């Protein structure tokens, strides 16, 4: 038990923030009615727009992305909507509960939590239920570490004429994905996953159709922390804010966006992908199994490892931290106890973190009496890194 | 037009954060399920409890205090409640709108926005309306810079047996006030006013009776950003969080609380009071009028100055900033255009900032053709400072 | 005695660092042999070169500018050199002591410490002493707050064929001055005066002739902290450092240079000049005298005020700090007790700081029984600010 | 070539600074004559004294430890001194050159640079040369990664009656060593090795005898950056500084000392030792050799690995960085090209960094065609970590 502390945070969020973000968040706090701050805010939103690769200014909601998800459900889903919720994991499933608060009906496609939703199933379901007006999907269902094919699903939904709500919180910034590519009405993400920012804000892309539908929804929150509508034009330098924005968080977001754009999204995505590939090679070389039914649906931003029979997930997490100072993420709800997740997000999406993860993961298993060959794991991870161009 | 930029922010919030807070907020971000972070979070909440001077652990909501106010209304006010809302300003009035969403009925005592609510009026009103179950009051109605006597009002409300919701956002930390002293059921404040922290969190003290009432309210938000109940035990190291806390903001809060306790609340309050007194002496010596009907009800954390006839408040604000680099706060809604506010909160609650404020305020008026004697103003402010023990 | 602490540092250095510098200095520390750091260092030196407005890469010595001055004397002045030292203040005089350690002879032009050296005197002296090979001059003799006309002196020295050593520590960055404009052989400045950086480095411009003379000087320090020669090519990315550079200070310097270039040197100089002019108007309006014999030789980066008869300079400094939280600078050696200096450097070279200085200065005098009209002072300062374009 | 950047700095200095140090160094800069700063400086020096475990206040010189070493030689070694220099590496050897500038004579005990000086040899030499008045030794000769037994050598020197100069730059703070334990006259260390601070300061313990000898040495630098004497009482709150201290660096030092004392020196030393032990086990398991002739003389703060025949040290360093983002340290002078050094200092003195080092080191060798079994290396390192109590 050499460490008894936290040295490396390899979680799926909150993740380690980049040093530049921590320097950025410590910039002086400005008064939100200061005209110079209003212009600064607009500039940050514009930077977020560029990073999202979309045409319209996104909304920055002043709370972590669960606010965005709840606000999205409350704002977009009206009392006469039929929602098709796609549930391939704890987060996708969970969105259905929010949807049910506001919709006339929520229907669902559910798959086992180590599986992904197929676009064909969605097409079939929408054919059966032409009254579906809104579809909701989680891109990377973090508690499972699995991806749904949102671009293909989005095409099917667009064809059907429904609006798509996408939870892209832990995928955006770590792989090729954008609001436009999946025809999202609402596309919800945040700074504290692949962007390596701090938690506390939602980045929300809203389509023109979504703005219209929310405006037409009398029950959409207004004068509320849950309101999206209140923020429609609030980023403009000549408009006031509905309430005080989290100025420091915005400064941190600004720094995180600058890093992302300066490094170049393709390069950022590539190192997420390589780190994940190396990590998985290492995990498998130790005789362990990925949680995902197929590696093809495993997210480049997270490696979810099935906990071997006879091993306690909590004990494994404790060993990794107390023995090596490495923090991994637990499962959530249905996946709790069944898997342990290794985050590859932002600053830890660098290949050598994969070998670190494999080392600590394997070492913790050995300490618990489940013998694995850590050396083989590290060597396999290294082979993947070495094969990178 | 020497400056054209912002050098001194003398707003009523967001205010300048202390350098120590900005250093604190740049501490590494931890994973929220990390057991060591869970213990850290509990420690910060305990520090907030000590600062509040109350017995029970407060709740830290993960959004600026408007979240706390809306969540308080949504959680405490049930469908059968009659709320007496005390409206002496824009914020007090505004709370009534939230209350009306949830209450059976909202009745109100309203006074002009340069006045304060008298405890006797409350007593009379409650005698008339024995069915009032909840009373809501804003301590320092920032858009007017005026204080209501919440301790005396709280005693009347307690006697009546109703629950009191207190908005102490811009008073707590800058003068002697606490949840217990006013018998508050919910006492809502935050780090970005007198504490000199960053915006983005609510500090919320909840009485035992309030916990019971919220738990018994079937409509109180649960599984929502608006939920208070979800956070009841979330600060305990052995409980998970309902969702990701704003880790960086919590680090900043920790630093702000440490400063407050280290300096000593009495000393902090004293410099707020002295700065306000000096500022007012200076303002009056320039022949200007305070907005408050009587100086006795003017808050030590803000000096609201009535804009002289023939002067545009916006023009005054622009002159102060563009000419001297000094940012003041505008009025809000009914007070917009009628007053300009000089904040005395946290790091700017130091006496010499009063002379700075008087200088820029007077200079801006002169520039607009409303001639005042700035020298007399500064001398008067200085006399107050010099008379301090 | 309201404050008993330090709120505003209006010193002549160390000065308040810009927040951006403090964020910059907290960037991660890199290994000095890391090729990526070597390139970074070269980039910072190039930025310093641009800021200096000169053609050749400057040397960054790893200690505050007294290191640069001592190293300059030790390196440039050889055993057969005759040095003409120009002494118009404590610092200019002091350089003569260093010069005397290395030179064959040091001759001097000395003027009272509230005066400046005239170029004509230098011309006459050099005509008398054709054997003078090196001339040394302090541009802004900070303990007096007075300027010498180094560009004109430099022209005379160049004509004579001697090498000029210039101490521009507290002038460069705050007014129009550059190594080339004064034909300097060695031009010594630093980041912690007008640049608003942190102390701990010397910025040193070296002419080609100076490099040649130092290389030819067998007594010039080598393999020493006092060596300039060791650093000749050390900024190049393919060369090692003689010893470990102060990586954090370099990061802070980088941020300070970026601010300076981004704002634009002319704008920076203009606000130094305006702040000084406003401050002096205020000081004089209180019936006080500048230390400088003529305002024309007073530096835009410092206002040295003659302490009135019967007043103790130390008592005045104590009153200003304990009463108002304002720190001014003491005199040094011969000027100690005779003057108090108000710095206008970097972040405090903003006009409203002048009114703040006048307020605290006047207030402190009043507290000591030397009655002045602070209001008149502030009004006069404000008039200057208001008259700015 | 996955990385092409620096992700992990595993150098022997400058090392990664602790995040708390980077937050500390960004504290506001104070004027060095501010009485409150003078008190603050004295407090920091007292903290350094406690950390050094010695009775007298140390001197903080305002430049990285090469300043301390040169100043020590210049100050302590007088023209009639005979110095015995102990040279077991590049740094020890190098000190002899400085000593030779000042001493009547320098005699030397030299051993191969992978060896250590034996106390018995020193005893024999001193018996032969009773005229030796000063002995100089480097504790951890970083370019070799080897330790000299300074406590035993110090006892011999004390018995002889000579004064001992100790270079403890890269050992102090990482293992049990103190000025008193080795009877040092001058004991030179700094914040940027095991303390995890930033470079830019020297921490210097001076014995009473050393103070006396320096004061009696007419050639000891005074009024110079090289002076130790100038700083004798400069840490006292009622004394001025000889020149401006590096205020930001002092703030960083304060934070680094606080971390060291809070964690507890024994714990800090233990994790340095464990990291080194794990690293060496891994290196050896890959069939590689330590540079040190015997592991017993290898420093717990650095693992110097002999570069295998046929491998280029520079190529190895480049591969580690470009491929994995890991920076190691080069050899210096005689050891350059022969060894590569893995630092275990401060924040990287945590066991899992050993596995990271082994992974990158082995991977880089494999990439260069020198095949090693990285898996075996990591497994061996892990075994050592797992065996820790």
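The letters A, B, C and D name the chains in turn, as written, and every chain counts its residues from 1.
Just so we're on the same page, contacts are C-beta pairs under 8 Å (C-beta built on N, C-alpha and C of every residue); 3 or more make two chains touch, one makes a residue touch a chain.
Here the structure is a predicted model, which is why all the values come from computation and not from measurement.
A.B. asks: Among the chains here, which has the CA centroid at the largest distance from chain A's centroid?
C.D. replies: Most distant chain from chain A: C.
A.B. asks: Find the geometric centre of each of chain A and chain C from their Cα atoms only, then give the gap between the two centres in Å, rounded to an integer.
C.D. replies: So the centre of chain A lies 52 Å away from the centre of chain C.
A.B. asks: How far is the middle of chain A from the middle of chain D, if each middle is the mean of its Cα atoms, in Å?
C.D. replies: Using C-alpha averages as centres, the distance is 44 Å.
A.B. asks: Round to the nearest whole Å and give the separation of the Cα centres of chain A and chain B.
C.D. replies: Going by mean C-alpha positions, chain A sits 35 Å from chain B.
A.B. asks: Chain A: which residues touch two or more other chains?
C.D. replies: Counting only residues that touch two or more other chains, chain A contributes 19, 22-23, 26-28.
A.B. asks: Testing understanding: with touching defined as stated, what is the shape of the graph linking the protein chains, line, ring, star, complete or other?
C.D. replies: Here the contact pattern is complete, since every chain touches every other one.
A.B. asks: What residues of chain B sit close enough to touch chain C in their complex?
C.D. replies: On the chain B side, the touching residues are 1-3, 7-8, 19, 22, 26, 271, 274, 323-326, 350-352, 355-356, 359-360, 362-363, 366-367, 373-379, 382, 385-386, 388-389.
A.B. asks: In the complex of these two chains, what residues of chain B are touching chain A?
C.D. replies: 5-6, 9, 11, 13-17, 22-23, 25-37, 62-64, 66-67, 70-71, 97-98, 192, 198-200, 223-226, 243-249, 252, 318, 321, 327, 329-330
A.B. asks: Going by the contact rule set out above, which residues of chain D touch chain B in the complex?
C.D. replies: So the residues of chain D touching chain B come out as 19-20, 22-24, 26-28.
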